[in-house]
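Common to both upcoming complexes is chain A, partnered first by chain B, then by chain C.
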Partner chain A sequence: MESSDTIKGRFPTLLSDVPSTNKNETVILLNDKSKLKTVVGEIKNHFDILFMLMVVDKPPKVFEMNYVFTNYSKNDILTLRVNIDRNKPSVDSISNLLGSADWEEREVYDMFGISFKGHKDLRRILLPEDWPGRPLRKDFQVTDEVRNWTGLDLKF
Partner chain B sequence: MPDKIGPNDFSYPGLGEIIFMRTEKFIQSVMNWGRSHSLWPLTFGTKCCAMEMIPFGATKIDADRTGTLFVGDSPRQADLVLCSGTISKKMARRLLNAYEQMPSPKYVIAVGACNISGGLFHDSYNSIEGIDRIMPVDVYIPGCPPRPEMFMDSVLVLQKLIKENKIKRYQDGIFRHDKG
Partner chain C sequence: MENENMNKITINIGPVHPSTHGVLKFVVEIDQDTIKKVEPEIGFVHRGVEKMAEMKYFNSFMPIADKLDYISALNWEVLYATTIENALGITVPPRAVYIRTLMCEMQRMMSHLLFLAHVGEDLGNTTLFMWGFRERELLMDLTEEVSGGRLAPMYVSIGGLYYDLPEGFSEKLLSTLSVIESKVKNEYRAMSYENGLFKMRTVGVGIISREQILKYGITGPNIRASGIKRDLRKDEPYLAYDKIDFDVVTEKAGDAYARFMVRVNEILESIRMIRQVIKDMPTGDVKVKVPWIFKIPPKYTFVRQETPRGEAAMYLVTNDDQKPYRLKIRAPSFYTLQAVKELFVGSKVADLVAILGSLDPVPGEIDR
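So, the complex of A and B:
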């Protein structure tokens, strides 16, 4: 808790509190998404890893990104929440600050189509490169076209 | 002797032709007999059906009795694909890539519900609903997962199909893939 409070005290105008059900977990909302790298740079001094990057699709306006940080010694969990525009989804990459963000961001790009500025190797991680659509968006439909897509040039 | 042979001019095959046809058929059957008793599988196991593939090769069931030798998973030496598990759309290319590397008389056994029809993942955005959409399958083993005895039974069925020249890829006497 104390490391989370330190970070909250560091950026009083940028961060605002969100109520959390877990007593070990602190949820804070970042108001300005362009300051993400500054805040994560500060978080890195107190927390060890980014162990989860969750995205919630809230149509029609918002993708809600949840960066979950933890540290081993104090059993402290910090969730940094950023809302980004659903129509022009792009946010700064933090993969050069925290190495574990690399593949997480690639997966988010794969499933939701959010582009990360400054990512070195932003390719799809699970699906084929030429696969049509972004499957975890709420407006995605499993149509016959998607079901029968193989991406292969079949002869028989 | 007419210049052109018309459609109505039928000539009976001579003794030489008959001997040639019979010999060709005999050689074909001998080769098929040989092929059916030395199936080297490419064990393309992607999921839990592959666990049942292990007792198929082990002591109790013993695939070696039928000549199905687990000699190593190289497609270059294999002539049978034992394909099991869900094939995702990304994996489909790898599977077909391995299949195309195999030398020419080649046979396919589809193992398990996921592999035959999609199974549990039949309505997914990222799974192939049955590998007979991407390659010709000779024998299907149903089950989730199938018993190792069923692997043995499928190999016996496949041997019978090879001896009777009823393999799907070589029906009508030509390679189906080579039709273009």
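So, the complex of A and C:
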């Protein structure tokens, strides 16, 4: 909890508190996505790892990015929340700051189509390159075409 | 210029059985016998679990949670059930908590025994492979007796457990535990961890440094083998772990051998824990009534627990609906596997399987 107060103290105009109901968790909202790398650079001084990156699709306007950071020596959890524009989804990559963001960002790109500026190897990770659409977006319909997709051209 | 390229060959290892861990693929660039570059390819068993969660009622997701990591199904069942219970604000009866602890530790032993077996197989030690499966079978039979299932037991329900333990179960379990304890301490010692050939293949191979652990966010037995004392069962106790006495197993070296030893000692530690759980087992109900279809108010729920492969977590977003709005699953193997990009480089091709085996990845949870 102390370390998240320090981080908030460093960027009083950028960060604001969001109430959290989870044990040990602090949620802070970053209101300017262009400052993401600066803030994550500061978080890195207090937290060991990027635990997960959860994206919530909130149509029609917003993709909500939740960067969860944890420590090995302490139990506190920090969730950094950033809202980005759903129509032009793009945000800075933090993969050169934290190695575990590499595959996480590729997965988010794969599932939501959010592009990460500065990522060295941004391509699909779980789905094939020619898969139609971004499955975890709320407007993605699971149709028969999707269910029976094989990736093979089976016309004779 | 030409000579440099002539020596380098790119080979595909996988997607079927790069070792005995499931469908993974590595594109490996080798110079004679030394690995220069690795690119892991995953996604062969991607089933769209997170999308399926958004399409199903909370209860109907349980069989899928079961099959995320198909060799530690009960741990994932407990994790999913706890997430929903926390979101609903339900408290589970004490007997259910204790039985869940017992089943989690049984599953951990099964998972670690399978790990020992597969490391044996990877190194050509077929005896260890057979033995690991033999001891695991004893526990599988007990799981079948409890739940009717073996790999995917479907025993944990939201609000507790589907049914109580069968009669005479604890006596059977205790006698099985003493069999496994003596096998692991005596037979396994001779065949693996005090065996010269086994040590030659694993000591000093694939050392994970502290920097790599922080970089890739590795958790679980793999970091305890590198000397980091981190175990959610101890540090952030859930279930009945704060009421039983156990040690967090660590090793210093951080190589494949240390990772093997951590698992061996964790099996012995789990045996100790199960004995205490059986001794202190409370009586009473094993479930609270929860309707089959229910709604959860708008909420963010985050739960993390220690599975045999590390810190697994679920982040559930609900929106006053009968289905999750978003369910993000953190699979520990997903993070561990990223590290092979650094771990394999500079080692021999034959060591690749030893290192991969010692990391214990499961494609089912990596691909989701």
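Keep this in mind: the second predicted complex is superposed on the first by the 151 of 156 C-alpha atoms of A that agree within 3 Å, B and C clash if a C-alpha of one lies under 4 Å from a C-alpha of the other, contacts with A are read in each partner's own complex, and residues count from 1 in each chain.
The rule is simple: contacts are C-beta pairs under 8 Å (C-beta built on N, C-alpha and C of every residue); 3 or more make two chains touch, one makes a residue touch a chain.
Computed from a predicted structure; not experimentally measured.
Trainee: Given the superposition on chain A, are chain B and chain C in a clash or a fit?
Mentor: fit
Trainee: After the superposition on A, what does A:L29 contact: first (chain B), second (chain C), both or neither?
Mentor: A:L29: touches no partner chain.
Trainee: Examine A:S100 and indicate which partner it touches, taking first as chain B and second as chain C; both and neither are also allowed.
Mentor: A:S100: touches chain C, not chain B.
Trainee: Which partner, chain B or chain C, touches the larger number of chain A residues?
Mentor: C
Trainee: In the overlay, answer first, second, both or neither for which of chain B and chain C A:L126 touches.
Mentor: both
Trainee: Return, as a multiple of 10 degrees, the angle whose vertex is the Cα centre of chain A and whose sides reach the Cα centres of chain B and chain C.
Mentor: 50
Trainee: Taking the superposition as given, does A:P135 touch the first partner, chain B, the second, chain C, both, or neither?
Mentor: Touch status of A:P135: both partners.
Trainee: Counting only touches as set out at the top, which of chain B and chain C does A:M54 meet: first, second, both, neither?
Mentor: It touches chain C, and chain B stays clear.
Trainee: Considering only the touch criterion stated at the top, classify A:V68 as touching first (chain B), second (chain C), both, or neither.
Mentor: second
Trainee: Which partner chains sit in contact with A:R147 here, chain B, chain C, both or neither? Use first/second/both/neither.
Mentor: In the superposed model, A:R147 contacts chain B only, not chain C.
Trainee: In Å, how small is the closest CA gap from chain B to chain C once the two complexes are overlaid?
Mentor: Checking C-alpha atoms only, chain B sits 5 Å from chain C at its nearest point.
Trainee: Identify the residues of chain A that lie in both the chain B contact region and the chain C contact region.
Mentor: Of chain A, residues 126-128, 135, 140, 142 contact chain B in one complex and chain C in the other.
Trainee: Spell out the residues on chain C that touch chain A in their complex, using ranges where they run on.
Mentor: Of all residues in chain C, those touching chain A are 42-43, 46, 48, 50-51, 54-55, 214-217, 223, 228, 230, 235-236, 299-304, 311, 313, 315, 317, 325-326, 328, 330, 334-335, 338, 367-368.
Trainee: Could you pull out which chain A residues touch chain C in their complex?
Mentor: Counting only chain A, the residues touching chain C are 20-25, 27, 48-52, 54-57, 66, 68, 72-73, 75, 77, 79, 98-100, 102-103, 111, 125-128, 135-136, 140, 142.
Trainee: Touching residues of chain B toward chain A in the complex: what are they?
Mentor: The contact residues of chain B facing chain A are 89-90, 92-93, 96, 123-126, 128-129, 133-136, 176-177, 179-180.
Trainee: Mind pulling up the chain A residues that touch chain B in the complex?
Mentor: 126-128, 131, 133, 135, 140, 142, 146-147, 149-152, 154-156
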